[in-house]
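Across the two complexes that follow, subunit A remains constant while its partner is subunit B and subsequently subunit C.
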Partner chain A sequence: MSSVDLLLPLLVAVPMLLSTVPIALGLRFDRTGWSVAALTTTALVAATTTLANVVYTDGVVTHKLGGWSPAYGIELVLDEFSALIAVLVAVTAAGVLAYTRVGGPRGNTFYSGYLLLTGGLLGISVTGDVFNLFVFLEIVGLATYAMIASGDGPESAVAALKYLILGTVGASMYLIGVGLIFMATGTLNMGVLAEVLPAAVERDPTLVRAGFAFVFVGFSMKVAQWPLHTWQPDAYQHAPDGVTPVIAALVSTAYAYAFGRLLYSVFGPEFLTSTPYLTELVVTVGCVSVVAGSALAVIQTDVKRMFAFSSVSQFGLIVAAYGLVTESAFIGATIHLVGHAVIKAGLFAAAGLIAINYDARTVDEYAGLADEHPIVAGTMALLLVSLIGIPPSAGFVGKWYIALGAVEAQLWPVAVVILFSTLLTLAYSARLLEKMYFTPATPLEAPHVSESVATDGGENEDDAETAAGADAANDGDAGARGGTDTAALEAITANRDRNTVSYGMLALVVATALLAISLGFAGGFLADLLDPSFITEVFN
Partner chain B sequence: MIESELLTMAYPPLLVFAAAILVLLLPRAVGFTFGALSLAAVLAISLVVPEGSYLTGTFLGHFQVVPFFVDPFSRFVGIALGLLGVCTVIYAYSSGASRTFTAIALSYVASSIGAAFAGDWLVLVFMWELMAITSTVVVWYYGGDAVRAGYRYALLHGTGGVLVMFAVAAHYVATGTFVYDLSAGLADGLPQLLAMLGMGVNVAFIGLHYWLPDTYPRPSFVASAFLAAYTTKTSAFILYRAFPDDGHLFLAYMGGLMSIYGATFALLQHDMRALLSYHIQAQLGYIVAGIGIGTSIATAGAIGHLFNNILFKSLLFMAVGVVIYRTGENDLYELGGLWREMPLTAIAFGLGAFSITAIPGFNGYVSKGMLFDAADPHYFGAPEYEALYWLLYIGAIGTLLSFIKLGYYVFFHGESDIEVPDAKPGQVIAMFGLGGACLLFGVWWQGFADLMPVIEESTHTFMANGAEKHLHPYSPSHRRTAATLTAISLVAFVIVRKPLSKLEFTDPGSVIYPVGYYLGRWSMLATTNLYAAVDRFAVAFVKRWYWVGNNPVLAVDAAVRRLPMVDVAERQPADGGRPSTIHLRAGIGTTVLLLTVALTIVIWLLV
Partner chain C sequence: MIDAALDILASRYAYALLFVLLGTGLYMVIANENLVKKLIGVNLFQSAIFLFFIAMAYVDGRAPIIEGKSHGVGEIASPLPQVIVLTAIVVGIALTAVGLALIIRIYAEYGTLREDTLREVRADE
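Entry: the complex of A and B
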């Protein structure tokens, strides 16, 4: 039991070290990346769940790197809040691999980046040091830039560049904020900061508040709050289909987690509520993002871009919940973080699956999907329903707690915005649902199908007559014809193989949908994980 | 002690309901025997079960319910309902009623008894609705003309039941309990108003009464005999539970008017059962008047008259039923001289008619006399009941007149031109059982008074105007009143007999059905059209926003075009009709600028 904290540095170190392995092996073998990543993430799932188990039964696990005192050295902490995120990161990272095995992107370098990203995300989750957090933010950022850039075409490169510059600017803002706070307190450890910050505020409120301002703006950029969200839709839309689920589910979630961690564990509710305009500012930014993000989502034609704007809106909800500073709102924000991550991973995976296999990327192209591919369409519908927040689903529980928090805080406009956000979510989800279920498929798809049948030698009834005529004419060389037939068949089968949805992809999508629904039932359970220990410690 | 405890577990409605099922399953004679026995058991239980609340429990966790509540009132009503039930089942058996019909009728009787023994409003509402449903089925079972009448009956009673339900709900809101308040009844205000309306349907308030002559003459005569007593009388008893305190002037005068209205229209009827149906209203008028006055003598008189009415009104329906059974004729002007053909029926009819017209020696005389005394300002009545006394007086004359008319045209008035046998033995037993009881309680009024609530047992005293008074039904003044009434009526009948047979009046109360029909039709049309309008609006609204979402550029275009002083160039689509989108892409530089602005604002606000 005493050595369980050794797992903490391993959570970060192992994926980062192993990220070099695919490249090294790539010198001799072609496709080792996926196996290495799968092994690593599976191990990480085991490690995080073990640690989470320890955290929820025995309490917080800490580890001092190199044995340095927390005041100077780096401390890794896993408490009730971060354990949830760590498990989410590990499980999602492992799960999305089921998609990328067939769905791509492939290549050893991709999996190197993937592991680096996973390590960075886990680092964000477990670090107890504000500067160390910056380092992990940068690691995650760099890995993400690289992965987005791995998409085909110039748009990916542009999107990655945009994200690179803006993300770095955001992180720099954060770093400046950390610098100001360091000036005020002389420490970088979160636990110690929380203790000395009240005194520092009394001594020099300007310094701490300016520090907060930089941190807040930096994270608004990172979490993609309107109007600083501009990098996000491009990045999500142009990233490879296999990458978007990870980025959408984990990167923004990890940033939002880090923001919440700073707000509640470093600055503390006391500072938040006592500083004039602070909570109002945070709530306003969140609410504006909710409305603007949803409105922008409604007018999109590209499905992935629509989901990207939806993320702007959903993270607006979380930021607004942070700003409410009530226990229920915080629980709601946490549940919504997890629930939204699961739902968005599923939605982007489903969108990718549909894009790759059925070549449908815009809302209009989704017409008639339910008839042709009922399982995929049904899963997507379930995920959308969860996103809207129809009970019982993950989306509902989070929004419920946040709305409860708004009511407790007597901030009726916020409560209205939260309810309104449900309506707006419904607006863009309904567009997609309507297309999938109630608009018949456009006849444009038909020529493609009949063409492949024609090469098959006339199985189609329409071609029967022609085939009969051809038979009479070609009676002599039936053998040759037979040969061509077989070749054509093989070609078609190969073609179908490429187009067939892999079980891994489908399993991931279905699993996320089921998880989204079951999280709705487990909402109370999630709240219980946080409620007595962490919440009491933070709010009292 | 143990026996009486056992009795408290024997819930009377359940016994009757079980008998109803047995009637359905067993051979006819055996089943009917069980039916009669179950009602005899109700009679016996009513007589011996000690007072108190039984089978109490909670409904849905926290509503206290008392399904089986015994006090002097429910005991008294239970005796009458049980006694009548036994006779009616015998009558039904010998009249050839089918097993199915009797099973339905017995479940109707069970629900009625359940309502009488209810100790809280929740059970009452349940039984009340059950009574409405089962009685409708009793009417429907006959088929033909009765189906439409039964449907109207069901609609009206459904509405009344809903009003009672609202009254009970409002009562619960006001008091926080469903259990009867024996001294105050329903809470003042809304609950009383709603109950007045809802129960007014069942006890045939003027204006809400037309279902009575509309429904009761239509099904088979056996069904009429069942219907005649249970719904109206149980409802009148529940009206007392709702308004047990005194001084309900509206109720008192409504009762007085009902007695005249019912008697007048009874006088105008040709159909024998319609005539009797209007008399239900007239007699209910006396009961309602007594409940409205609410003093101890009035209450005793009302409940006593209710008891008697159960007996003699059913007896009259049975006697007329036998006439219909034997002759197949409903119109009294088509009959005549039947006393020679069916003397037993004539005697039975006479017993009932003498009772209802309050001839001394019959039970109606005792209870009606008490009601007269309660209203008469010279006895126990308050001054404001002077007019009521005269209303009841005139009503009594009307009753006498119409029964003289009914008896005269059916059993006398020349020779009978048809030869028919008399009543069957079972019918005779049933009729003479009830008639005997009428005579018994008229002559041996002390026994009647012993059973009666409010009146002290054995001493026959009651409290009036702050003093203890004795009951004297056969005092000279009472007998004088009876003689005067009878004399006036006899003389009047001779005068009005001829013109009466030519008169034809439609009951103004009958407008309730056409009015209800058109009201329902128009309200339904209005609702449907309103719904359609809302639906159209909602669909158009959603469609428009859906279009705006899909074509933001066109929407902005269209919006701007409507602004004054703005010239918008005609749009030239060059994209093959693809949905137009707004290209809002902030570049890197713009975003950094925005970030700077945001940072400035945040720092300015916070620091």
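Entry: the complex of A and C
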């Protein structure tokens, strides 16, 4: 127990330091990046789960960097809320590597960016200092811009530049907010801020409120709330297929986590409810994003772009839940953060897999996919069902808690918006499901395709892969990308000429689909992780 | 009323100027068609924030060099904002570098730095 807090700075420092290793080794060896990244992320999974275990049994773990008192120095904190996000970051970062080994952008510099991104995301999860949070926001931003720009086409550079400009302005807005709060209180530590803010509000409410406004606008931009979401669809669409899952699953999630952390641990529920029009504003922005994001998703033709707009709407739900300021809504937002991250990682990985192997990128090109490739289509369908929120799935539990929170807060319009968003999610998911399952590939040639011998062979192979994927999922997340995948990947290397989809990619997609479903059953468990200590501390 | 406004302007002129600078930067980001100038706008915007931090830490005392003996509140400037600004400048430079690299790549691909031309070129493809 005594030295476990030393793991906290290591969570951030190790991936950042090791991010230089692929470049350094790249001077002599060509393909070391993946191995370095895989080793590091596996170690991070071990470290975060160890820490999370300590947090959930013994309580909050803190570490004062350099021994400075928290009032001046930087403090790293892992509590019940952040432990969940840290584990999510480490597991997803490690899992997506199973995809990039064969399918993703190659090269040592890419893996340097990947490790930098992982370190930054873990930094966002564990930091207890509002300015330090800004630095990590920018580190994550930088790594993200670079990784988006690593796509093949020139479009990815344009998308990355657009994200860079908007993302920087968003982060700078947050910095102004930090400045105003610092003026009001004279401290940057989240824990200390929470104590001194009520007095500061009494002294000069305008300063703190202005600070909150800048923080809110900054994060609306970073989390991609309508109408500040415009960078997101371009960025997600033009990023390389191996990058989108990790960005879509983690980057916005970490930003949304940071926003929730500031709302509840720094400003506190009392400030939120006592400031006039504040909760109304947050809830409205969230609800408008839900409706606008879903409506825009319905009219998209590109699948990745459609999922990107879907993210706008799902994060709208989370922001609206933050604005409700009830215990159930907060639990719902947290569960939805985790659930959405898993679902989106799976969906984007599946979309990338389909794009690489079957060259289908638009909704129309998905026609007849279920006949030809039942496993991929099946997992995609499972993930879409989870996204809609049909009961035994991750999407359902989060929405259920948020709706419960809306009812508790007696905000009926929000409950209506949640129901309506489910319908709209159904609308765009159903388009894809209909194309995959009920539209023949090309009407005239369809009979030939279904009788072809090659397709049967493919199906048998796929069956074997499901078994492997299920086993991997049973072994836990570490297994899904650890030894089993590496072995499977080695075995498939010989087949690479014939088929660019590896077992690792398929196993990842299947594992996330199963995880998305099982998280639905584990929803109560997730709520229990937060409930006893964190929720009571925040809300009372 | 006017007296009060003048009073605020006289004592808080730094903030007023900085927010003008902030607005100029933001306007450049939004309205300028040239990508490099957009990036300069982002820099201007950030510089205004840095100056804002410096301005709020300023006191009529001395530089924040602590030499063992204690000082009263308001005698020395708070060192924290200065450290913050140093860090933020480093972050800003990294961002500018990445942004310029992206702009070079865009120029190599499309042969233009203007956003409106870029939009036309991309629409044609």
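The criterion applied here is as follows: the second predicted complex is superposed on the first by the 484 of 540 C-alpha atoms of A that agree within 3 Å, B and C clash if a C-alpha of one lies under 4 Å from a C-alpha of the other, contacts with A are read in each partner's own complex, and residues count from 1 in each chain.
Here is the rule we use: a contact is a pair of C-beta atoms (placed from the backbone, for glycine too) under 8 Å apart; a residue touches a chain by one contact, two chains touch by 3 or more.
Since this is a predicted model, take the numbers as computed values, not measurements.
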After lining up the shared chain so the two structures overlap, which partner does A:L228 touch, if you call subunit B first and subunit C second: first, second, both or neither?
first
On the A-aligned overlay, A:T206 touches which partner chain: subunit B = first, subunit C = second, or both, or neither?
first
First, second, both or neither for A:I165, with subunit B first and subunit C second:
both
Considering only the touch criterion stated at the top, classify A:A149 as touching first (subunit B), second (subunit C), both, or neither.
second
Looking at the overlay, what does A:V298 touch: subunit B (first), subunit C (second), both, or neither?
first
In the overlay, answer first, second, both or neither for which of subunit B and subunit C A:T32 touches.
neither
Per the contact definition in the header, classify A:V135: touching subunit B only (first), subunit C only (second), both, or neither.
second
Check whether A:L278 is in contact with subunit B, with subunit C, with both or with neither, and answer first, second, both or neither.
first
Between subunit B and subunit C, whom does A:L188 touch in the aligned arrangement: first, second, both, or neither?
second
Using the superposition described at the top, list the residues of subunit A that contact subunit B and also contact subunit C.
161, 165, 169
With touch defined as at the start, can you tell me which subunit A residues reach subunit B in the complex?
161-162, 165-166, 169-170, 173, 206, 209-210, 212-214, 216-217, 220-221, 227-228, 230-231, 234, 275-278, 281, 296, 298-301, 364, 427-428, 431
If you look only at subunit A, which of its residues touch subunit C in the complex?
72, 131, 134-135, 138-139, 141-142, 145-146, 149, 154-155, 157-158, 160-161, 164-165, 168-169, 172, 175-176, 179, 182-183, 186, 188
Counting only contacts in the complex, subunit B reaches subunit A at residues 545-546, 549-550, 552, 579, 581-582, 584-588, 590-592, 594-595, 598-599, 602-603, 605-607
Partner subunit A, residues of subunit C touching it in the complex:
22, 26, 29, 35, 38-39, 42, 45-46, 49, 52-53, 56, 78, 80-81, 84, 87-88, 91, 94-95, 98-99, 101-103, 105-106, 109-110, 118, 122
